[in-house]
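Reviewing the structure listed below.
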Amino acid sequence: MTLVHNFPFFCILLCMAAGIFTSVLKPKAAKALTFVVAGTVLVLSALTLRLTLQLEEAYPFIMGHFPAPWGNEIRIGRLEALMATGFSAVLLISLLAGMWHTSNFVSEQKTNLYCIMIDLALAAVLVLIYTNDLFTVYVFIEIMTIASCALVVVRQNGHTLVATTRYMIMHLFGSGLLLLGIAMLYGITGHLLMVPLHEAVVNIVQTGEHMGPLTVVIALITAGLAIKSAMFPFHGWAPDTYAFAPPLSSAILSGIISKAYIFVLIKFFCRVIGLDVIISQQITPFLFVCGVSGMIIGSIMAISQRDIRRMIAYSSVAQIGYIYLGLGIGTKAGVEAALFQMLVHAAVKSVLFLSTYELVNVSGDHKHFRYLHGAGYRNVPAGIVFTIAAMSMVGIPFTGGFIVKLNLAISGIAIGGWVRALVLIALALSTLLNSVYFLHTVVSIYRRPAQELDYPKPEKTLPVVAVALFTSVLLIIYLGIGSEPILRVIETGLKTFS
Amino acid sequence: MTFIHVALLGMLIVCALAVSLTRNLLTSLIVYMAYSLIMAVIWMFLESPDLAITEAAVGAGITSVLFFVTLKKIHAIKGDSDEQAQK
Amino acid sequence: MWQLLYENLEQTVAVILFGIGFSILLLQRNLIRKIIGLNIMDTAVYLFLASMGYISGRKAPIVVDGVTQTTAYINPIPAGLVLTGIVVSVSFTGIMLALTIRLYRRYHTLDIDEIAMLARGEDA
Amino acid sequence: MSKRRSDWESRPQARFRKWYKEGFLALDNEIIDHLTRTTELPENIEDRLIAQQEEMTSRQHERTLALERLDQYNMLAWARTRGRKAISRLYVILALALGAMMIFFLLETVALMPRFGDPATPGANIVSERYITKGLEETGATNIVAGMILDYRAFDTLGESTVLFIAASAVLILLRIDRNKDGSPVQELIAAESDDRHYEPRNDRILQGSAMILTPIIFLYGIYIILNGHLSPGGGFSGGAIISAGLILYLDAFGFDKAGRFFTYKTFTWVSFFSLSFYALAKAYSFYCGANNLPSGIPLGTPGAILSGGLIMPLNIAVGMVVACTMYIFYALFRKGGL
């Protein structure tokens, strides 16, 4: 084992240690440490990705002295390293673009605590990406839930308090279902690590004993994670939370944290149960229907919003629908498209929230579309970035969103039958709806205001914010033009994933 | 499966139902405390003394104390409001 | 089926408690009762989990007199998992109660629907 | 009535209907109305603007009238009055049905689960076998559960301690009242303190007397449970909770002034910082050695002796301190938003 093999473990430990260390630092040092941690994790993850591209197989990393069925372990493969790199890149960009405004939302004496939450949320995301143990998943999902709740409530007004209460109740319910599922799975298999679990599950499917509980387990864990990732019928907590949280928190929550839950779900499907069993248990049609209805109803709800942040929050629900659509198709190609959509949406949604904050900031802190007229001229970089991100949401060629829709359509066509028709119709309809509300927003930020509204002079945009926003635009365009290698990594990674 | 074991399990269900059916918040809290204690005894029946100690200290002890101090802060305990009314 | 349920009485009770906790969570509008419901739901899952480890006639997993046969002790894994779970649920209870105190200070009620109505009237 | 009305109209369905009927223009106009109604007009306003505004108001009025006429013919009117009550009743019935359905399905599952108390359950496999038969020599702990959670599955337990730490931080975010820049208390804190003083007993002889006797015993018991965590039932979590119960009793009996002599906010930060970093570093060392096949060099000692079990006892102490601090700070923050 070379030193590079240890890097994922170092990343996790670094984040946790930074979280602990931040509690005794001064606010400025805490912020600086957060940047350093995010940057280091990005570099280390990129090096891990390079290593895993050279290796044929994924390798396990034992957490302690005891191998797989006895001790905890993490498992490092291409897909995991790619996701870790992507998410840490998005986090670093979001921090660079959003950290400077935190003083508007967070009192100075709570800045440390805010930084603790960011560090530990990153640690939890990394653990959920890498882990190979079902109970570790539960523990770190709880850490992530507390961290995200604190990220929202750190801005202390009535709306965030109510939104957080809703969020906590829904998420605790989801955790309850998840833990019940894990308990049942332990009861029928006697394992908690994913590799021996898979063997036991294969055995159950072959002998047919305990098949009923297995179906219930799949349903419980899927439902728990679906609630936590704001899948369509369970999305009730999402819009308020995303709309009222500080912009950096919204970017982290909707960009990274909700994706980590879905990654765990994909891991559970592919590695623990096996995709063939999932399909034979009729779970995928359910996800498919939820995904399609989320795509359409989320978009319709987004159209009817007057607050730009709520509109983006509802569009998040629609975009999560795309991921579940990809999972619901149930083929390898569908899962690949879903994974790619996770990366694209992480990049796009975080930049949308952050550039919206810049636009709102130059419009006298008003969020309604009417007040945003001309905001694109008042803050040129944010306007351009918002427009390009919106184009990616709609799925204009040369952006990441286009590739996602293309891949989803291809994987739908490959199946045939009613699925093909439904996928194509849903994609077309949702693209249409997306373009309605995003073009409306883009038009309104570039429309000359009918009457000159006298806004207070906003604070100046820092150059580093503009640079960070443009970097993420480059990322979006790279995901659109240079998607071939990434898709290949996802494809080969998925092969060694299970 | 002894009689007392079954009776304790039955008590758990009764307590859980009573929590939602009582009118007074304080009563339902005390019922919840009893629920935790019964749970601690059941852990002993299941040969898990670690859990019994933890449940008794954390579930019945600290959690209940936190609930009570919350009730006190929001002035939902009857005694407080009476005291205020007298003044 | 009744016979099977009686044999698994622990798990049966745990499942019923889970359902009761879930109903309390949905039906009660009082935040404190909701939190108690959540706690009941959690303990139900722990009861379910711990009952998996029990093996009749065997002792708690604490080595006595150097006896290390499998036949002497029950399965220690569920106990360890539940220990973790209890601590997680007390942390959540703490956070939820802190939220309740903040909400009460602001809106002077514990009714979640009423609080939501009041909050909607505020400026964003 | 008017409140309900406006509430209904702001519902997304209603707004969608409106948008669907009249297109974007209506929404935009509505926003213009909103704008002109709520913002205060400057004093030197032009006549043109006034005329514009009047026209808008009249158009708005016409539209409201039209919508109201429409309401008489559809179910909107019904929904506004009796609909809400019916919906709330329906919600109760649906929730009960959902709960009953969930219980029913899970009961069906329970009937298919492995039998309770059966020695041949899937759980009794190689995993638990190794924990029981080899646990004593591999971890050095007589209490197999402690050996399991602090050695075999130590990463979970590290996560669990982090949960406590992050929960304490979240409660601090929610309830801690910030001080002024120069460290003097703000008005809110003074109010919270006086509120706390008003409702707490002062110099209650019985409480203080019993606390004097009980607190040392509780502390001793907690310390015993922590130190014997690897030998007998208990460990860091339960022992820490017991110690925090002792601290809370002391605080209740003697008040914040006396408790503040040995436990302040600084104590909390530094104690939890040191114990958690010790925990994380110790476990990082052991994970690193384990993964890279290096010997860790930590002696396991004679099983059964108090100084045995390798890292388990120090880790139990660290966990115990974190738990005690966290629970105590929960209580203190709940009472008055600070220490």
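We just call them A, B, C and D in the order they show up, numbering each chain from 1.
To be clear about the criterion, a contact is a pair of C-beta atoms (placed from the backbone, for glycine too) under 8 Å apart; a residue touches a chain by one contact, two chains touch by 3 or more.
Keep in mind that this is a model prediction, so the values were computed, not measured.
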Identifier of the chain whose CA centre is least distant from the whole-structure CA centre: D
A-C or A-D - the one linked by more C-beta pairs in contact: A-D
Chain centre separation in whole Å, for subunit D relative to subunit B (CA means): 19
Subunit A-subunit C separation of Cα centroids, rounded to whole Å: 28
Cα-centroid distance, subunit A relative to subunit B, in whole angstrom: 39
Junction residues of subunit B - those touching two or more other chains: 48-50, 54, 58, 62, 66, 70, 73
Where subunit A touches two or more other chains at once, by residue number: 135, 139, 142, 146, 149, 153, 184, 186-187
Contacts with two or more other chains, residues of subunit D listed in rising order: 106, 108-109, 112-114, 121, 123-124, 127-128, 131, 143, 145, 153, 156, 160, 163, 166-167, 170, 174, 233, 235, 237, 327, 330, 334
Pairs of chains in contact (touch as defined earlier), listed by label: A-C, A-D, B-C, B-D, C-D
Footprint of subunit C on subunit A - complex, ascending: 135, 139, 142, 146, 149, 153, 156-159, 161-162, 164-165, 168-169, 172-173, 176, 179-180, 183-184, 186-187, 192, 243-244, 307, 367
Of subunit C, residues touching subunit A in the complex: 18, 21-22, 25, 31, 34, 38, 41-42, 45, 48-49, 52, 77-78, 81, 84-85, 88, 91-92, 95-96, 99, 102-103, 106-107, 112, 115-116, 118-119, 122, 124
Subunit C-touching residues of subunit D, taken from the complex the two chains share: 7, 92, 95-96, 98-100, 102-103, 106-119, 121, 123-124, 127-129, 131-136, 142-145, 148-149, 153, 156-157, 160, 163-164, 166-167, 170-171, 174-175, 232-233, 235, 237, 303, 323, 326-327, 330, 333-334
Contact footprint of subunit D on subunit A as seen in their complex: 1, 6, 9, 13, 16-17, 19-21, 23-24, 61-66, 69-72, 107-110, 113-114, 116-117, 120, 123, 127, 133, 135-136, 139-140, 142-143, 146-147, 149-150, 153-154, 184, 186-191, 200, 210, 212-213, 216, 300-301, 303-306, 368-371, 440, 450-451
Residue ranges of subunit B in contact with subunit D within the complex: 48-50, 52-54, 57-58, 61-62, 65-66, 69-70, 72-73, 80
